[in-house]
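Every chain is named by a letter (A, B, C, D, E and F) in the order it is written, and numbering of its residues begins at 1.
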Amino acid sequence: MESRERFAYVNGELIPESRASVSIFDSAIMTGDTVTESTRTFNHAPYKLREHIERLIRSARAAYMELPWVADDLERITLEFMDVNADLYARGEDRWITHNLSRGPSVTTPPELRAGLGFGQPTLMIFESPMKDVAGSWAEDYRQGVHAVTPTTRLQPAQSLDPKIKNRSRLAYNLGVFQARTVDPRAVVLMLDTDGNVAESNAANFAIVTRGKIRTPTTRNVLPGISRATVLELASELGIPAVEEDIQLYDVLTADEAFFTSTPYCLMPCTKINTRRIGDGLPGPITARLLEAWGRQVGVDLLRQAEALATSA
Amino acid sequence: MESRERFAYVNGELIPESRASVSIFDSAIMTGDTVTESTRTFNHAPYKLREHIERLIRSARAAYMELPWVADDLERITLEFMDVNADLYARGEDRWITHNLSRGPSVTTPPELRAGLGFGQPTLMIFESPMKDVAGSWAEDYRQGVHAVTPTTRLQPAQSLDPKIKNRSRLAYNLGVFQARTVDPRAVVLMLDTDGNVAESNAANFAIVTRGKIRTPTTRNVLPGISRATVLELASELGIPAVEEDIQLYDVLTADEAFFTSTPYCLMPCTKINTRRIGDGLPGPITARLLEAWGRQVGVDLLRQAEALATSA
Amino acid sequence: MESRERFAYVNGELIPESRASVSIFDSAIMTGDTVTESTRTFNHAPYKLREHIERLIRSARAAYMELPWVADDLERITLEFMDVNADLYARGEDRWITHNLSRGPSVTTPPELRAGLGFGQPTLMIFESPMKDVAGSWAEDYRQGVHAVTPTTRLQPAQSLDPKIKNRSRLAYNLGVFQARTVDPRAVVLMLDTDGNVAESNAANFAIVTRGKIRTPTTRNVLPGISRATVLELASELGIPAVEEDIQLYDVLTADEAFFTSTPYCLMPCTKINTRRIGDGLPGPITARLLEAWGRQVGVDLLRQAEALATSA
Amino acid sequence: MESRERFAYVNGELIPESRASVSIFDSAIMTGDTVTESTRTFNHAPYKLREHIERLIRSARAAYMELPWVADDLERITLEFMDVNADLYARGEDRWITHNLSRGPSVTTPPELRAGLGFGQPTLMIFESPMKDVAGSWAEDYRQGVHAVTPTTRLQPAQSLDPKIKNRSRLAYNLGVFQARTVDPRAVVLMLDTDGNVAESNAANFAIVTRGKIRTPTTRNVLPGISRATVLELASELGIPAVEEDIQLYDVLTADEAFFTSTPYCLMPCTKINTRRIGDGLPGPITARLLEAWGRQVGVDLLRQAEALATSA
Amino acid sequence: MESRERFAYVNGELIPESRASVSIFDSAIMTGDTVTESTRTFNHAPYKLREHIERLIRSARAAYMELPWVADDLERITLEFMDVNADLYARGEDRWITHNLSRGPSVTTPPELRAGLGFGQPTLMIFESPMKDVAGSWAEDYRQGVHAVTPTTRLQPAQSLDPKIKNRSRLAYNLGVFQARTVDPRAVVLMLDTDGNVAESNAANFAIVTRGKIRTPTTRNVLPGISRATVLELASELGIPAVEEDIQLYDVLTADEAFFTSTPYCLMPCTKINTRRIGDGLPGPITARLLEAWGRQVGVDLLRQAEALATSA
Amino acid sequence: MESRERFAYVNGELIPESRASVSIFDSAIMTGDTVTESTRTFNHAPYKLREHIERLIRSARAAYMELPWVADDLERITLEFMDVNADLYARGEDRWITHNLSRGPSVTTPPELRAGLGFGQPTLMIFESPMKDVAGSWAEDYRQGVHAVTPTTRLQPAQSLDPKIKNRSRLAYNLGVFQARTVDPRAVVLMLDTDGNVAESNAANFAIVTRGKIRTPTTRNVLPGISRATVLELASELGIPAVEEDIQLYDVLTADEAFFTSTPYCLMPCTKINTRRIGDGLPGPITARLLEAWGRQVGVDLLRQAEALATSA
């Protein structure tokens, strides 16, 4: 397939990805002033797209960003954009869609360019990736689990920049990522908040299982992830007790199981923390049940898909 | 003058500003992963350019960013770039130069585009603005002083993202700016840190004068501004006592004078805080002496220049 | 009516309000050393008076204040005092009763005056206000909602002065009030705690409604308001889910509805936060149901009463 | 002497102390909304009265309180008031003068009483005490030193209510006082701030001496006491090194000497902390030198005066 | 009985207690590097021994300590050790068993002694005490309740040393104990965390009863005590509501009942806090029901046993 | 040499090290209740022994530990103990002496053993190590510099356990050490405090050099190290500016030089932080000058001695 280049969407225009760009004066670059979402498809259908779009609008609202669109508009724009690239995907091939929405050209924009660059209007970027480009080592990771590492850097507190605003001012997370990689180049960062509570990864929520109960941090200081919410719903359906509460590194080191949740991979077993095994060092039974239930709900065997993606990549 | 469009510099290329752009996959957009500097000229000569470049390198280092340049390279690139636009400036017309340096194409970059977009290399953007585009209401502000407003949002602590890394993940500051504008649309935000100490503005340091002594926050939690350092040097030359120490809102409300320091305007009187007059509500004598000494040092009457800029804008 | 002056109660004596006063040596003035309650009537009957008195006793206990009364005494004193003024109120006219209870004459009291001023005994002040003097703009506010503004000043933490002690050392709240008014002279202050969690107003609790669920801060750092408790009871009766949890400014900016709870007005819609609309900017349906249920419980149409009060004032 | 009752000053009127009072609706009582100063005389002359009045004005300013007076007015009012009582004092008898300045009648004031009670104007109370009424056990304390006890309650942080605003919302301090008295009924409370640094007493600053150097907390979180400043000046004159810095309980437990500073007693040795001796448990030599130098400066032997006061009381 | 000396267990050897010792180079002494448990018997049977051993393993895991044993091993070793001393106990005499498990000889151990001292292996110490040696004043305390005192020292936060690791680096607790004893030599310390929340004693958890509901701090910052868990189970069986939540000193001062939970005494009424009565100053009815239910569960009348122990001691 | 075993000192007795031990009931083991010092010799003379002993006494005092000795006693005991082992050291061979001083037998000590074990008296342990046993890889480290790694675990705050009390409740530090070793098995831990400021290592102070100025954390939250003080004295003598101030990870990542200070090795270059080079990755010139000056002061070439020790070990 993919006989031509994929399009990206930038401010109403469809542009081949290699040329999809944003003015260097845009507030996305000048102040990291961007809210964002990413969504994936299962069997070509975007999963909970409306929820993602509504959260995008909430993020914009909390960032004091005025939008010329309501949710219906953004949903329609997204679906139309996806249609444009639809022919590039084989049957059964899923994709990942990213929305980046900045406040538009910054105050640094030269006066003579403002009209042309849309000053006063937000900049909306949408692009998508075939799952095989995103999947990386998922097949192995689903089977072995990933390695979480807690860095020195603390997540900024909600009174500075609330992680509930899903945003692109993420240098603090990057500092965490680079520190985590000093322990293991493939480590997934697990950030603590300034009180020392376990918070989230740079792009995922986190949960542990302690004696049969799922425990995940409250949303006081983490993104209210849509995958996180899906896990809580699945747990409820499966009769697995689950709580949202403050957890500490002790709880992770002594947990029976652990996993990350994130849109692209749904739920990823985590079997090591700071080089120590979690539980017996293998993905655990509750993690497996959740992953299987999720696959059932969306009609995709997630592990099998990851294996197929690994082959195709 | 300005008979043709100004150039910007993006990764080694000179591009007319209206088309100067960055891939939507760049980490500048994807994670606000950019360190930055801005420098101005006095009588066409860039002021303390070397210090700005060295601080840029320190910011990159603290952000775990590997650079293919040393300070000499960046200085030469900057000066060469400035030469290209030199003919656009009239005699006596000064400019403001911005460096934005991102970690380059992010991991989201499609594999097939990585080589083309320079994956693995930082993205260096340089652009400049004639001072008249930056100056805004400076002429009036130098005479009347600006209005500082403290928002609800607190500056993120250094253990999350140290403001000493001059960076572009600035959404937290923007939240402060928008809150400050609910008090006065022309307000300058003055952020407190999470302990409630006065910290900095979104683009400037801050100082007060109490019974003849200049007091400015330590660099524990603020940018070690080059203009701030210049003021401390000038104070020393003028025999005005100056200390770096924690100050609180009480100190601002009861100060005799206050001012912001920032590269473009050097030093700006601040005469109101949260709608209350500071001192007698007019720029104070020590502020005036510092501003005059600065102008003498660089051979530019800053107020007169601001007035000229206001006319030409 | 009101053909003669209302009485106040001060330390066992009934005194016309214009002359009701307290020695300048009292600890109420010297150290803000006062615990307090306020209660209102519905159809002339004081609402939950016993609960208010018991909380007053708890506040005194937590302030290490010894009382010569038990709850029965204080209840009787209050009812007897109300009887004295009863003839001043027309049928259907309600009132607001305030108890201020200080530790009595302070150590600054001149030795020769101590016996006369009751040194060693608390000072009990009780006064009441006709609802029309308290109601202000309630009729409009019930219909339009009030504007909440978060100030820079943070609520003092419980380890300094626990807001569960309902007390009169409230200068910190006043600082918040004055800052909030720099945004809107009619703003209601909404204070955050030192961790940045939403806490309370200077004289009210706060709650939001998010997708059908009422959410209000825990009592870790706010007054356990009796009106707040009433709302939680009404919600339970109406089958509206409600939780006590930490909430942040993000949650308010993205809420569907919000309201304050306080004894005089029971429950007041809040439709703006920091100049931004909450939900669609109008009092919401759950707020309306709660207000109506409250009115039903006490046999008073609160909106209609507010309108009547506005006319009579 | 004292053949007639002393006068107090309340809002422009001279009133015998036994009847000097304030409306129960005043914001002094309703919200602890009072700023304050206290000054003493040496040989009948008020000590640094102008500095006290200027600090009162700064406190009012930081509390967003508008005053109808400038410093000259308040100084004149004070001196005239003192003249009225002058005949009550014997030669050599000193006095202590207190200013309490509230925001005036609160919003709770009944509408019909507002004009009469001066609504919209601050309430100014001034009263004085003969030193013998204030001195208590000073004679013994100067010789033996007092016992400092650190309570559980922490001083509220400056971001809630800055102790630099000398104010009367002091319930938090009272909680500390009552806790300290559970250790020793005569204990002087020594409060820590929320970071655990030594801060101040409820009515005094604190300092220690470690190997010849005076160390006292910075004004980040304590009142910038005028007696504290006097001690720093005297130390400078005497060639005793002195620093303002964060100190912790460790430093007090291992200090060689310690003392409190406060207007009425100037400087009081502290020889026990939490039941443990400081140094050898006796007032130390540097404390003695400072006390003597102070006495010399003001022409009063402070210990001898305290002994005389003890006799006369 | 007790005709010969009790044995202790040290690293696989049985040693008379008077000679049971550990090398001065052991990390137990050199860095307080010890995890621990204590268990008691009821009618000679160790209570929840397996749970204690599993928690010991979790503590070791969270302390990055590698163990050569699994739970079965430690359980067997413990039971065998108890058998050795069994003949020393009369019928009905219960005992208290302590496990101390250090990381073994420290890096300070002289190279020539390392092999002999077991370098690289943990040091396991087990000893036991007849309940009569532990019981002290329990008989009186069960009847009168103990006196809790909150010290100045704050419990270290979980991000420094998580109290969920039951460990022997307890100097911070000892500082609290000594401060509490300045109020009452028999006081039980009740430590607050650095946010001012009530946490735990140096060797016990704490709970209060407010209007019929048991409230105990969450495990965010306290040991997840096995006795604490037992109380929560008993409460559930008895239909007494119970919550885990942050509580503050206010809640203790205004509680109806309070109690400590700890392995040796199970549950101990607390009837005073900082010299103030809790409730009516006597052990309360819910405390009594829990104590009785516990006794029933284990077949021991705890009060009667305490009385017998007091006599035998 | 060393033809017989070295002695250790335990509570007045000289015991061969292999048998030097402490009762398992001692508070050193039961609660980490030990204060400590370590001192080294230069050319056989103990360096600043008196200062170490005075700090030990201060630590004991701050830990509420009563001692039966004054400084003279402890100095004499130490010197006498050193004499006993003196014959084991060759000319030029230096040693390291450790004092551990616990509160003595804990309350867990069986009543019948208390008298025998010295209940009520502290336990004093003194032992020494030949420098060659301590030196490890110093020769290489002096030349290459060590690798500092900042862990996730934060140093406990002074309000919990002040690091100025040099003590043996060090499990929190050990957690840091083990985390640091996940980055590099030879890493030296560099702990941050709970505000994110750079604090200290588990057994050393830390300093950096920025543009010619030595910067080291204040003693607010670190041990006031005697080697740290020596460096500040040497810097003063050498005319190198030095400040005590809060520093952050940014400052270390961008420093020109860094080093640790500790009694055994005096001053150790640190050339990597979190896998990143500090400066050019080699020990810097100011570090070298300090090391050389120190050696000159004590008459020992520290690098040469380290090389000799490496050979002899």
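Everything that follows uses one rule, which is that a residue touches a chain if its C-beta (ideal position, glycine included) is under 8 Å from a C-beta of that chain, and two chains touch if they have at least 3 such contacts.
Quick caveat, the model's predicted, so the values are computed rather than measured.
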Type of subunit C:subunit D copy interface by residue overlap (half), same or different: same
Chain at maximum distance from subunit F, centres defined as averaged CA atoms: C
Chain centre separation in whole Å, for subunit E relative to subunit C (CA means): 44
Whole-Å gap between the CA centroids of subunit A and subunit B: 32
Chain centre separation in whole Å, for subunit D relative to subunit A (CA means): 57
Overlap residues in subunit E, where contacts from two or more other chains coincide: 64, 152-154, 157, 159-160, 165, 179, 192, 194, 196, 249
In contact (per the touch rule at the top): chain pairs: A-B, A-C, A-E, A-F, B-C, B-D, B-F, C-D, C-E, D-E, D-F, E-F
Of subunit B, residues touching subunit D in the complex: 192, 195-197, 245-246, 248-251, 253-254, 276
Subunit F-touching residues of subunit E, taken from the complex the two chains share: 6, 8, 10, 17-18, 20-26, 28-34, 63-64, 98, 100, 102-103, 108, 110-111, 113, 116-117, 125, 127, 129, 133, 152-157, 159-161, 165, 167-175, 178-179, 194
In the complex with subunit A, residue positions of subunit E that touch it: 58, 61-62, 64, 157-160, 162, 164-165, 218, 220
In the complex, subunit C residues that touch subunit B: 149-154, 179, 182-183, 192, 194, 196, 249, 274-275
